[in-house]
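First chain A sits with chain B, and in the next complex the same chain sits with chain C.
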Partner chain A sequence: MSDEQILKGITRILVDEFEIEEDIINPEATLYDELELDSLDGVDLIVMLENEFNFKVDRKQDEGTIRQMRTIQHIIEFIKQKIA
Partner chain B sequence: MSMNRVVITGVGAVSPFGLGADKMYENLCKDNNAVVNLRSIWEKHVSDLECWVGAPVAEPLNEKEIPRKYRKLMGRTAFLAFFAVREALENARVPEELLSSGNVGVSYGSSTGSIDSMTDFFMEIFRTNECHQLSSGIFFQVMSHTAAANIAHIFGVTGRVVSPNAACASALQSIGVGYEYVKYGMIDMMICGGVEELHAYTSTSFDIVQGTSTKFNERPQQTPRPFDRDRDGTVCGEGAGCLIIESEASAKRRGAKILAEIIGFDTSASGEHMSHSHAESIARCMRSALRNANVKPSDVDYINAHATATVLGDMHEAEAIAEIFGEHKIPVSSMKGHIGHTLGASGALELVASTYMMRDEQIIPTRNLENPDEAAQALNLVSDLKPTKLDVIMKNSFAFGGINTALLIRRYKS
Partner chain C sequence: MHLLQNLYYLIVISAVTIVFEISYHLVAKPLLYLRGYKRDDIYRIKNAVYGKVCVRASWPVLKVKMKGRKNVPKGQPCVFVYNHRSNVDIFFASMVPRSNLMVFVRSWPFRLRLFGWSMQRANYINSETTAHDELVRKGLDLVDRKVSFVVFPEGHRSRDGKLRRFYSGAFYLSIHTGIPIVPVVMTGIEKFFSTKFPFINTANVEIELLEPVYPQDFTEGQPWLRMRKHVEGIYRKHLGEEL
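Up next, the complex of A and B:
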């Protein structure tokens, strides 16, 4: 799956579920500052990404990576790693 | 410790008649009833209810007016409360910066958190035996202080935030607690009230203990029937009421319009029974509230009764009122025949209606009261919209758990 395809899926979730304007969503966009998500949104976003891209987060193994994610590109990289 | 005079400077209501305190009052004055048959909705949840009538809020709420960052943490209970509180804050002209000054608090109760959200929560777990897919916001919709916490969150309130949850006495107890905080100088202003979300499971709780009206499923507008000999139980309703209360000094400082003064309150328990009302303890609570207000029974111009139209509850309240006020023939009425029993919201909605009655110098009669039962015959039950000078009003609310509350308001004079 290409970065563009993954970005498209992430964008759909952010627009439909988090009511974020599509024009501010891009790989460099920061999750907490520019997109104004909070830690609770982060929890919900992970579940939605699991469903969208058909992977499962291992809380113990992935916790550190998830905590360090700051941009959409970080999410794209994480998803690529999980579905590889 | 300073003792402040405590005044009401704003009101808001979401009632079974829709959004707005004015709308509720207009419908009460027109003797309208908001009870409808909900069988087609409720039987999907519970198939063997005896009571199929309820009083839901008749108007859709536009939750999208609330930014998502707040909305995601709110269920219907918090939504209803939000619209009542927003109206009351606007009505009282409370500036935004005052809300986060630390001198404003929230005292706002309900019987439970959102039942709709609670249902989603358990349905998902029962269906999957997993919690993973549940939204992170659901707990904040379900928690018992969801209304108070969400109000504080949305409006940026930084003073004390409490949620007295005492079923049907939640609102009046919340207002009473707020009154005491302001009276004793602990805070300048409190956003007070109560809320209840109507769900099949709400009515189920009353159905189980045979407290609901069951004979009027096909004639919903004729029930509930407070103090009437043919009353057969209560009808659960939905809504949220809010009163902005503050010290007289705070109101004067801001140039706020004062709607009424709160002069006394008490809450106490019967210590007798979890579900039965108890005339002696109701009388004790009302007497204590009168003492707290420093007024005599003969000073009271009107009693807005709890009177939910249960057989025992109305009888016990009538006995207690007759014992204390009997010789003075103080006018009495109940709003439940119009809007049903809005449970955790009832004390606030009915107190809001009482402030309007005081303003307009008239008493709204009890709807569906045709033949007062024996115990109620000792009371001066108002049967028509009655012009009356109202200087002092007593409001009663009682609840499961043997919880009694009584609060008095007076026409404000500086």
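Up next, the complex of A and C:
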């Protein structure tokens, strides 16, 4: 799956579920400052990404990586790693 | 005229604050201690009563009309969610018919000199630093103590008057504690206070409590997200904004 396809899926979730304006969503956008997500949004987003891209987060193994995610690009890299 | 109005308002609120603080510490606080209230309960009640007194003392500069009190479920705590349009909205948080109110506040108000200290004493929830599991743990304890909650789910005040997107914290709390959400729609407040001169302006504020929304009606998937969207839809419909 290409970066563009993953970005499209993430964008759909952010627009439909979190009502974030599509024009501010890009790989460099920061999750907490620019997109103004909070920690609970972060948890909800991960659950939605699991369903969208059909992977499972290992809470113990992936917790550190998830905590360090700051931009959309970090999410794209994480998804690529999980579905590889 | 504006200068006189500002001066009048400053004098009235200062006088009300001094009289309130003295009578509260001499009379109400000891009585509440004797009735077995904990310190944080006492400060929450104090903040709520002070907010109500300030709003009422602001007449005739500020005229407030309350609607829909009958919509508040009797005998149980609730999560009151407010739309957020002004810097002084927190004073109006106390206008709901409950006095022991736990308010969700962002980090910066805790750093204010007097109000911040009072908020810390009341153990208000810092919405920026409280994790969702901690929120539920605190929430369950407070619901046991019959404490209600006030949340501004937009997080920041709206600067253009339009509703901002809602955050999920209030709805997550409702789902996990089983207490209803009461949407509170506030209009007209944005005219009252400005950070630039003239700071205080005459305003007619309407506060309407809408019918409660029960968490038991949302069960699938991440139910707090469904509940959030539902309540946001109620606001948009009520305020005439497109869905």
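Some observations on this one:
Methods note: the second predicted complex is superposed on the first by the 84 of 84 C-alpha atoms of A that agree within 3 Å, B and C clash if a C-alpha of one lies under 4 Å from a C-alpha of the other, contacts with A are read in each partner's own complex, and residues count from 1 in each chain.
Basically, a contact is a pair of C-beta atoms (placed from the backbone, for glycine too) under 8 Å apart; a residue touches a chain by one contact, two chains touch by 3 or more.
Source: prediction; values computed, not measured.
Contact with both chain B and chain C is seen for A:36 once the two complexes are overlaid on the shared chain. In the superposition on chain A, A:44 contacts both chain B and chain C.
In the superposition on chain A, no contact is made by A:63 with either chain B or chain C.
Contact with neither chain B nor chain C is seen for A:3 once the two complexes are overlaid on the shared chain.
By the touch criterion defined above, A:22 lies against neither chain B nor chain C after alignment on the C-alpha atoms of chain A. Residues 18-19, 36, 38, 40-41, 43-44, 47 of chain A touch chain B in one complex and chain C in the other.
The part of chain C that touches chain A in the complex is made up of residues 127-128, 131-132, 155, 165-169, 172, 222, 225, 232. Considering their complex, residues 17-20, 36, 38-41, 43-44, 47-48 of chain A touch chain C.
On chain B, the positions that touch chain A within their shared complex are 68-69, 72-73, 132-133, 135-137. By the touch rule above, chain A contacts chain B in their complex via residues 18-19, 36, 38, 40-41, 43-44, 47, 51.
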